[in-house]
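Down below is the structure, laid out as structure tokens.
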Amino acid sequence: MRLARVEEVDRVFGHLELEVLRDNGEVKAFFKVTHGARFIELTVNGRPYWEVPYVASRICGACSIAHYVASIRAVERALGLDAGEWVEDFRDAVNMVQIAQNHLVHLAFLALPDYVGVQGLSDLKSRAGRLVVNSMKLNTACLKVIRLIAGRIVNPNTLGVGGLLRRPFKGPLLKAADYLRECEALAKEVVDEALTLLKVPELKDPANNCVAVKPRKIYLTTGDEILTSAGLSFKPSNYREHLEEMQPEYSNSKAVALSGAPVHVGARARYELLRNYLRDLNVPKIDLSNPFSNLIIKAAEIPYCVTAAKEILEDLAMRTADTGVDPPRDGGEGEGVGVVEAPRGLLIHHYVVSGKRIVNANIITPTEINARHIEASAKALTESLVSDGRPLNAGELQRKLTMLVRAYDPCLPCAVHVSVVRGRKHA
Amino acid sequence: MAQLLKLIPRETTPGALAHDVAAKYGRERRYLIRMLQEIQSTYGYLPQEALRVIANELRIPLTEVLTVATFYHQFRLEKPGEFIIMLCMGTACHLRGNAANYEFLRTYLGIKPGRSTTSDGVFSVEKARCFGCCSLAPVVMVVSRDGSYRKLYGGVTPAKLRRIIAEHRAKLAKKR
Amino acid sequence: MGDDGSWNLMSRCCGKCWHSLEYPCRNYIRCRTEGPLCHDDQRCRTLRSERVRYIKEGPNGYRIKVPLASCSIAAGAKEVLDAVKEVVESLGIPSDAVKTVGCTGLCYLDPWLELKAPGMPAALYGNVKPAEVEGILKKYFIENDVSGAYAISERTGKARGEGDVPTLSELDVWRLQVRYVSRNCGVVNPESIEDYIAYGGYRGLDRALRMSPEEVIEEVKKSGLRGRGGAGFPTWLKWRICRNQPSKEKYVIVNADEGDPGAFMNRLLAESDPHRVLEGLIIAGYAVGATKGFIFVRAEKPLMAERLQKAVEEARKHGILGKNILGRGFDFDVEVILSAGAFVCGEETALIAAIEGRATPRQRPPYPAVVGLWGKPTVINNVETLAHVATLMAEGWESFAAYGTERSKGTKMFCVTGAVKRTGAYEVPIGTTLRTLVEKIAGGVKEGRKLKAVQIGGPSGGCVPAHLLDTPIDYESLRDAGAIMGSGGIVVMDDTACMVDVARYFTSFIVAESCGKCFPCRIGTKILYDTLTKITEGKGTLEDLEILESVGRVVRDASLCALGGTAPNPVLSTLRHFRDEYLAHIIDKKCPAGVCTKLLKYRINPDKCVGCGTCAKHCPAGAISKDEKSGKYVIDQEKCVKCGTCVTICPVNAVVKEV
Amino acid sequence: MVRVIVNGKEVHVPEGETILTALKKAGDAVPTLCFFGHMYREASCRMCLVELSNGKLVPACAYPVSDGLEVRTDTPRVREARRTVVEFILSIHRIRCWSCPRKGGNCELLKLATAYWVEGIPVCSSCPLYGRDCLVVKGEPCLGPITLAGCSDPCPSNGSPCIGCRGPVTRKDVLEAAAQFYVSNGVELRDVLEVASMFWEGLPNYDSLKASLEEAFKKALGGGED
């Protein structure tokens, strides 16, 4: 008996279908990605290794920098290159700005309407006009910074395998830092107002284990170690021992389990695992085990990213720029895994390089990792709203379910980068 | 045409002729076209030296003289053959086959592409604007280099062209 | 006194007449033929009437007219004239009976001869060879036999063989014409002012000078005369605008450039009746208040320039040009300017620029009537327009307005050339249908051929297909049919003409003649030409048609002057009416009319070929060789230049042209 | 003063002025190429065409104003005329953007081409890297010379070689000149085709493009001229 079905979940990146049904007494949720497969891993196969970042950054326009940085780090590890401190910091700074920008867009335009009781964006203005205008200003400022230092908002072109492709000028770095300084106050204001509006519903996380990247320096910088909520920590290169991927038939995207159980990644996971790397993420008292709290943490991360990126950029401007190493013309042999904290959570790029070419590629995106966890939370949410087999109020259940999915901020184009689709459409 | 353009004895060099012609028209920029016409009627074309002298006389840059010399169809800058065969490219003549005649003549005289004069310098083949006697289409006019001899043929066919060539070769032999 | 000392109409009849260049008599012109006016003397009167009769009918009624216009000379009129002069003495006909005249416009008869003996009908002989002259003259003057004539003036019943020779008025080619402005062509001796005045010349000027300039403009306005150069701009309006300009110095220019290939109306008028054009120019100068006039003639038409120059010199000699013309205090002089031959000079601003130096058109407005030659107000009128002005001033505006439609008045001269039996220049009232002009007057296409289209207006005009032949000829209806009135050049095309090739021909003409100043015309026409060449070589594609249409449209809209503005007309009108031919070239790679050389092949039919080898001998490109095995001859398609010599040469016509 | 209606707005301009002054006063921009104030106003480039109420297209830089003159600067016919004039100019332009002094943002033709959707200008025209900085001069297989410009801030200006994402230039003479440029800097056809394969391999005209590139390189290697 079908309890709830949303054919086309709105206000998410890409096409998604959600279905919850009761199957002989047991509630089951299905996270069906109906977005067309994009075979990114196949495209990369056989290309020269220095072209990987160009393909990877085109997986999705929202967080193209995260994919760009992750794929570059993966290829660098495969070829045994070290881009140097300066370049690593530069990449972190750019990544943080993109995280802030992504969170902004998600909170202000995709998630907020649920919490202000309006349907679409147009009437959002009447309810949260000031917040929308401020977030738009902030969004433009972030995009200006990204364009200034990454070359372009989408498909950046200042970074390359082995470091920067061109000697950076001190001017743009300082200018970027100024832009960020101007909108620090704005960021705080946006976050405070968002937090007042975000009254998240109650929900207990059924499988509260999560994964995140241990930062090299401060919170949200990339690193070479992955932490799990079970206290485990492993090297990215042997991610396969802990995270195994499977392909549900009903969805175009794969699903990931951490040693068998559903796992979630994203702001909530980061906050839980990396709290001691934090300085001042002033998060109000919330129940971390509630999946909806992911929104709260995302909101809090915005001002943090803006300030942190500003500081890194100012520091970079002062230090003498070392633009990294030139990649070997005829490539090399090796295998590398690059990880990064994308706005929506842990992102893993894994490439095998032989000679000049890529022979094998595997990408795991945050939405893939969250897939099973979303199903678990949806199941828990439905059970809490259903008594003796029938939903108390069908409309409310459906609304709550879509709010839950939006809390994870799934990015479907990234999720369907898979090489082979074995699943069939659910009958 | 003769009364309009007083002919000047031809043995002088192009430069000297240009000097006289410029003086004749009072070195006025207005009469540039007339001067060029007089020079061309003497030599059949505009020698480079004459153009340079004209430019000096009129105190205008050589490029300006060349602009006029190259714009108008009447003027030639290279030395034409003894006889210049002009095929009329008016509409009626084109329709009646002068286009084919032109191809025939160039191949018959073996004129290399890009040039309009035969290698032995006897004949030049040119396309001319409409002579205005369309009832005789297709029309061909044969003019001597100095313009003293002018003969027009109507209803021209490749066979007739061969006779014209032969006729003028004989005329040239007689003259030499 | 005439230059040979004998008395002529222009000289004073007796002591009482005080006319001189310094103190010209106002009635000088009317007095030439209707005089003497200031005194009554029978001797002076008979002196004039005798002279007029001598001019009109020749010495005691004997007259031999020989046409000396460029085209008749080209057709051999000079040799005929020499032959006539020799024969005349032996026949005892007074030598001054021979009169050289202009051209009547019946080009298909060139060179013609007109004989008149007292009591005999005047007889017109066509395509006269110098050798035949003696026979013709003897037959006419001695045996009074007109049987060999092409036409006679009227039936007197006296001449033998009159019955089977048609009179001129019976022939369609003459009957349907209204020779309003070309009345003197082929009648007067173009190089004698006396002739012109004897036939009523300069009456228009005389009448105009008696009126005020405004009245002259009013008269032209009432007549409804519109410019004959092609645009059809009302002449009075141009004059009025120029007259109202404050500047002291003004000019009038006769546009005798006539660059259209296949158009020679202006040359015919100027070579046959130059004084009429000059008279129109002086009237225009008077009406507008100009001080100087120019006649801008093309270098390729030297005889035309010569005759106009002679007319100017004669008019100056008799006080009709220069200071205080006919005692009216109006000073006006004329200079003939020779252009070096550029089609763009037909455009008024380019013509002005050509006089000032290099011929490139200028953006209008300001129109030349306001800012023209050397910055002064200038009126530019076509040769035929001014000839009409002179005639309508002499005859009164009603005579002009009697013809034509309510929107375009009067008559227009057209040169009908191409695949017609009777090529020539004919003057018909505006509004006559194309069918009358092409089929009735010009005799339609030759036997065994079908009429396909009529091209009007030269490179700026369009092609009117056969089924629109009933379109009346006037400015508006021609524009609707996709053509323009233009200068009046009409080229008739039968089924041997390929419309794509015609469009390409006109575009190649425009590409050569474009002055290159503005981008659309300079580059656009070249693109049109290259695309059309591609199509004629069988390499065309369907979107080439779109390129033709879109580029054509932009060249028409965006070009600076009328040359570029009308350049795409031939292409657009052939595309509109003959799209199937374009498709045949593109899709089946075939030229239905067998014109486009790249698409047709010459092949020798082996069973007909007898192996004589004449074709190989005559082939200019050496493309025919003997196939040793079969003994027959074969054409090598690469070398063949498709000139068609082999088809005509082959004794057994074994050569076949495959489309 | 004379009343002129520009796109519906009324403007007053002194007598004898041209439409261009009226447009400037009304604040409506019109592209001009050959207009240089009093030095040259011959209206030969026809870029500044505007449409009058009677449908005629007239050049704004030389057409005098008259009272009650109605002018429209952005009608379909005007746009088509301008667009085609830009194409005309481009068709006769000898395209060598990589060695052109106006590259890197001050190419007037590129501005007009992008404004009027005309394709055909290589990326090099908007890339600021000169001489030694140019990636091809450094030996990198950057596709700038044979890729259509139109991306506002191209990758080369930030150091990464152009990978041809806006599609290939198809004009033969440009390909030949580009081949000459590649060969003289030691870039082989193999590298160029490899980079190009990512975005261009699926294009319908890829084979003919590849053939003309091979031909161009053969010609360039055989001691071509430039």
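By letter and in written order, the chains are A, B, C and D; residue numbering begins at 1 in each of them.
FYI, a contact is a pair of C-beta atoms (placed from the backbone, for glycine too) under 8 Å apart; a residue touches a chain by one contact, two chains touch by 3 or more.
Only a predicted model underlies this, so the values are computations on that prediction, with no experimental measurement involved.
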item: Innermost chain, taking as reference the mean of every protein Cα atom displayed; value: D
item: Chain pair bearing the highest count of C-beta contacts; value: B-C
item: Distance from subunit C to subunit A - Cα centre to Cα centre, in angstrom; value: 84
item: Intercentroid distance (Cα basis), subunit B paired with subunit A, Å; value: 82
item: Interchain centroid distance [CA atoms averaged], subunit B/subunit D, Å; value: 43
item: For subunit A paired with subunit D, centre-to-centre distance based on mean C-alpha positions, whole Å; value: 40
item: Multi-partner residues of subunit D (at least 2 other chains); value: none
item: Arrangement of touching chains [line / ring / star / complete / other]; value: line
item: Pairwise chain contacts, counting only pairs that touch as defined; value: A-D, B-C, C-D
item: Complex interface listing, subunit C residues touching subunit B; value: 70-71, 74-75, 107-108, 110, 259-264, 267, 299-303, 305-306, 309, 336, 338-343, 354-359, 415, 417-419, 423-424, 455, 458, 489, 491, 493, 496-497, 502, 505-506, 509, 512, 515, 597, 618, 620-621, 641-645, 648-649
item: For the subunit B and subunit C complex, residues of the former touching the latter; value: 1, 3-4, 29-30, 32-34, 36-37, 64, 67-68, 71-75, 89-92, 94-95, 97, 99-101, 103-104, 107-108, 128-137, 139, 152, 154, 157-159, 162
item: Subunit C to subunit D touching residues, read off their complex; value: 362-363, 365-366, 517-520, 523-524, 527, 550-551, 553-554, 557-560
item: Subunit D partner contacts - residues on subunit A that touch it in the complex; value: 47-48, 51, 54-55, 147, 151-152, 157-158, 160, 164-166
item: Residues on subunit D engaged by subunit C in the complex (per definition of touch); value: 42-46, 49, 57, 59, 62-64, 77, 80-81, 84-85, 88-89, 91-92
